[in-house]
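Below are the structure tokens for one structure; questions will follow.
The chains carry the letters A, B, C and D, assigned in the order they are written, with residues numbered from 1 in each.
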């Protein structure tokens, strides 16, 4: 009985030359969030070795202004992720940088009224020029004017077309690279960003478009119905996390029997519906469980909902993503040398190809 | 020069019988977050005395399961808020309670697999029955089947119609009370909730509807164009906060001259556009600025964007909303005795009335 | 089996006139930290009804500058606490206010170099005058010069004598009120505060004294050996919390059989020693468990150490103490009308009386 | 004017093979806490290049159980720090591991009552055996019995003697390595740990000792009087941070003119005393400023007190130390190849050598 508590010793780290991957492996044998960071790498590594797994990344916050967007491109290019669920900010503010304008290392202790007068927008300790932001919005509007007015788009379809359009212009933003690689991007609150402002600009120019929240959700849930298992990676919480979790439980009665071979759902006792808990889950967050919100809640809470498998591999690391994401991805780059066979999701683009 | 630092003394609190309002007034003369909580009441009080002010509340998280939804009803009934921007969770999970099913006081230290087997969904230390949740989704689907298939809805229009429908059934949820009082509810990521699942159910029953993100944003921004000033209250961050902030800067050139008398915008130096910073702002959050995200960022950061007026009244209180919201509203109830003249926003419902 | 999960419903709060105590009672039927705040009042109330209970409060941070010190005086005067374990800051900075100098409501967004030039010390959003601080240190030094040079003091004895000395001067600081009421104050890191500087001043004036850490710990542990049960209240974490917890496990073999009637300890399996877990525990903290530290750890972690009884009443509320402490104490003031029979701890002062 | 805002661009990280040092250098050109982690390495590097600098590390929490204590040994051996100010936990719990007993990788989601029955003490997700802890306390008691009963020790002197004693026994704990290298360890609340329990055991065995808080503080402040400049590194907050800060302002009038050549203090306007602000400061913390406490407060707040030089190099990184400390030290190990000329502090041990 007691022996179960004494399986693996904590191993004190000794400082010497080593690789990033090796240091994270050593951290996985320590404690607290250092251990969790090391475990996050291991869970992601296990995902990449799994067959018939679709890996979805929920990507919150304003990480593109923080120098993290090329890491996402790398994840897409190597198909370390198959689907991206993002805030509007993360797949628009990267474009400012990809266009060549960029952001500046600023300070969070600054006179914000002076920044306003200097036409600078602040993202904590990052400065961006309002005029650059507007140029990005104008580019976005140029694209929107190429869209059909008699078609009901999902955010995913819109971002796929935008990505292809950007790619042709040589602007290698996240959306561009994702479109090239066939990785769909879902953006459930797309108007809550520069896209919203561009939608209004296009509308004011006589070119209103429709971006349907229902179609988006239907397409997203459809991914779940075509894969054996799902692994999720949450960089932050918010809508991208909550939305991604729904793929585990929003399977309609009609489609539940049409799953891929080997796909096993579980029947709820109280209702006539199936749930397909995620097999792997990683969460990097700076929120805490005690506030009761989704962004900080434990992955165990998701187990009660049937959203995560109780026996699945999982790791939560409470850490700023600007620390955790570079470390995890560099360790993966060192460790994973064989090319992964990623699922083909091109059917999602069929209506707009 | 030095005298500017010594304007108001910290006054140590003496324990004796007093009202909630009085204790919060005393806390406003202490320090740290206690002072901020007291100041939040004062800022809200000032908003209620202001003429030609539209008060928007961003409402995040899963607060309805936490016993807070009737407080929102009270805020709407007394028109202490004029517009609600909400997560899908907050305006769907309240319905479970309003239907008479309710939630249970649970624990966050529990075996989640056992909960799953007992068909219980956990919200930190709250338990809800999966079967009750499904009954709410079925009710929602019943409503969706009454909607037009040839109409493009915004989330606001959909929630207005849903509210009227619920009200007739005697289900006094937030949406119902808001519809009765003419308070619009915007839900920018509406599919990310029970609504998404109900959309799919209706679709599977041959009744697909369209919920347009562009129309929603256009309508929301329209509110800003018809009011002299705006005051905002953020309970949590996330999409509701970010979306609400956009109303300050997403004013199209075409409409900027059509504002109400006395409305003053400011011209950006670098671009040919106007911004209309919010005059009052309150934020209750458990996030922190140092993570760089929107949910925890200071209201000063919003000043740099032109989203909040540098000279406007504002207060940020870092505190769980289940503590701050009841206290602030009970203090307001004691202090504010005159009925406020609230703006008429019924024009927003014109297409669906 | 399932019924155990559905004992008490979450009750949504309705806004109407009510007392502080009543609102906190209603919050105890909601969720998240609001519920915990309500529960904290209930646990404290239960402590006050218990016979043969010694109530120890761990008091961290710099709360006296934040307008909280008179609340501690009230707790002592009413014997809602019997022992105080404090940082040096909390029982020195209150003296500045009790001397009539006070602190000012400042801002945390300020130029700290300008403050330095203006001789202002900042405590987040509180300003204090360096010259006032020095006057307090000089007063402290005057007192130290009255102490014996041939005696080994514990911090508790020193603070008792200081309290009596202050009381005679009409300076009603925490130490003064505690001395009047026979409530001992332990300050395990006393030099880490104005006391440290005063010790040096006295020494430079040819009057060195000795403050023995061992004697202090011995006296503190002695309290545990003379009471049937212990209840603890932690306002913040740090040394005051850790030190207080040790009273549960630092009982020497020699003394374990000399306990008061009814006192029951538990024998450790692996060692020949007893532990006496605390029966009640309240913790107000802004730290979080995931960082692995003592200040944010759960009370359950203390159960594993034998420091808190697994069946004892306990409540942890994650909230700034400047919010939680005034609310809890005002609710107690409304609820508790009968005088508590507090333990006599005067034997602790026998060597210095 | 505007150009001052646009000095250095944010550079998006590209994933490729690189060293730990290189990745941290790249992170220093991103944003949020990732940038801060990179800057922390740079500030420490600058400290190591500075002449006549005494580097003091404040070391809080329970980091030795978390696999971090050999990193501290490495810092001492390489004289990347000159003085350690520690909790009792950090310089006692390492001994359990150094004795060969160790700790186990556990879980924070566990039944603590079951742990208690299995005689396991939990430190968040680390398990330790109570019996091992007691063996460490017995070892400590054995040492205490070698001390003089007619001498007044400071915690620093006691830990120096203990380190030498351990070293001879081949137990290479932090105290042992520090004693070998002449690095003093101050432990201002030493009784608040296993030391406290060992003091009582020794006393019960007829061997009481005296550990004087005043002597400790006097010796600590003396370090400041003999060095030109001071650099500080805070791993966590609490007493170790607060105590370390006092070295900047606790300089007696008598000694202020006896400083080393080049040492410059600043005179307070309001009082006749000097302060010697720290020239370099690094803080790794998981606390936040808004709670008003010392552990989370900004280094700027310390500027107002004269504790940190307004023009000194400083970096605060909000991150779990189990992540930040291994990364920073491994980067330093890669970057710093020349041996530093460290200050000689052996005079501190003169009374006990």
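Note that a residue touches a chain if its C-beta (ideal position, glycine included) is under 8 Å from a C-beta of that chain, and two chains touch if they have at least 3 such contacts.
Remember, it's a predicted structure, so these values are computed and weren't measured experimentally.
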item: Chain D and chain C - chains in contact with each; value: A, B
item: Distance between the centres, which are taken as Cα means, of chain C and chain A, whole angstrom; value: 45
item: Chain centre separation (chain A, chain B; CA means) in Å; value: 26
item: Distance from chain C to chain B - Cα centre to Cα centre, in angstrom; value: 38
item: Chain D: positions in contact with at least two other chains; value: 31-33, 66, 115, 120, 123-126, 288, 290-292, 300, 318, 320, 322
item: Chain-level touch network, classified as line, ring, star, complete or other; value: complete
item: In the complex, chain C residues that touch chain B; value: 1-2, 5-20, 23, 26-27, 29-35, 37, 65-71, 74, 97, 102-106, 109, 115, 118, 120, 123-127, 300, 318-320, 322-324, 326-327, 329-330, 333-334
item: Contacting residues of chain D [partner chain B, same complex]; value: 31-33, 288, 290-292, 318
item: Complex contact set, residues of chain C against chain D; value: 60-62, 66, 89, 108, 112-113, 115-117, 119-126, 129-131, 134, 152, 155, 188-193, 196-197, 199-201, 203-204, 208-218, 221, 236, 238-239, 242-243, 246, 249-250, 252-254, 268-271, 273, 286-295, 297, 300-301, 303-306, 310, 320, 322
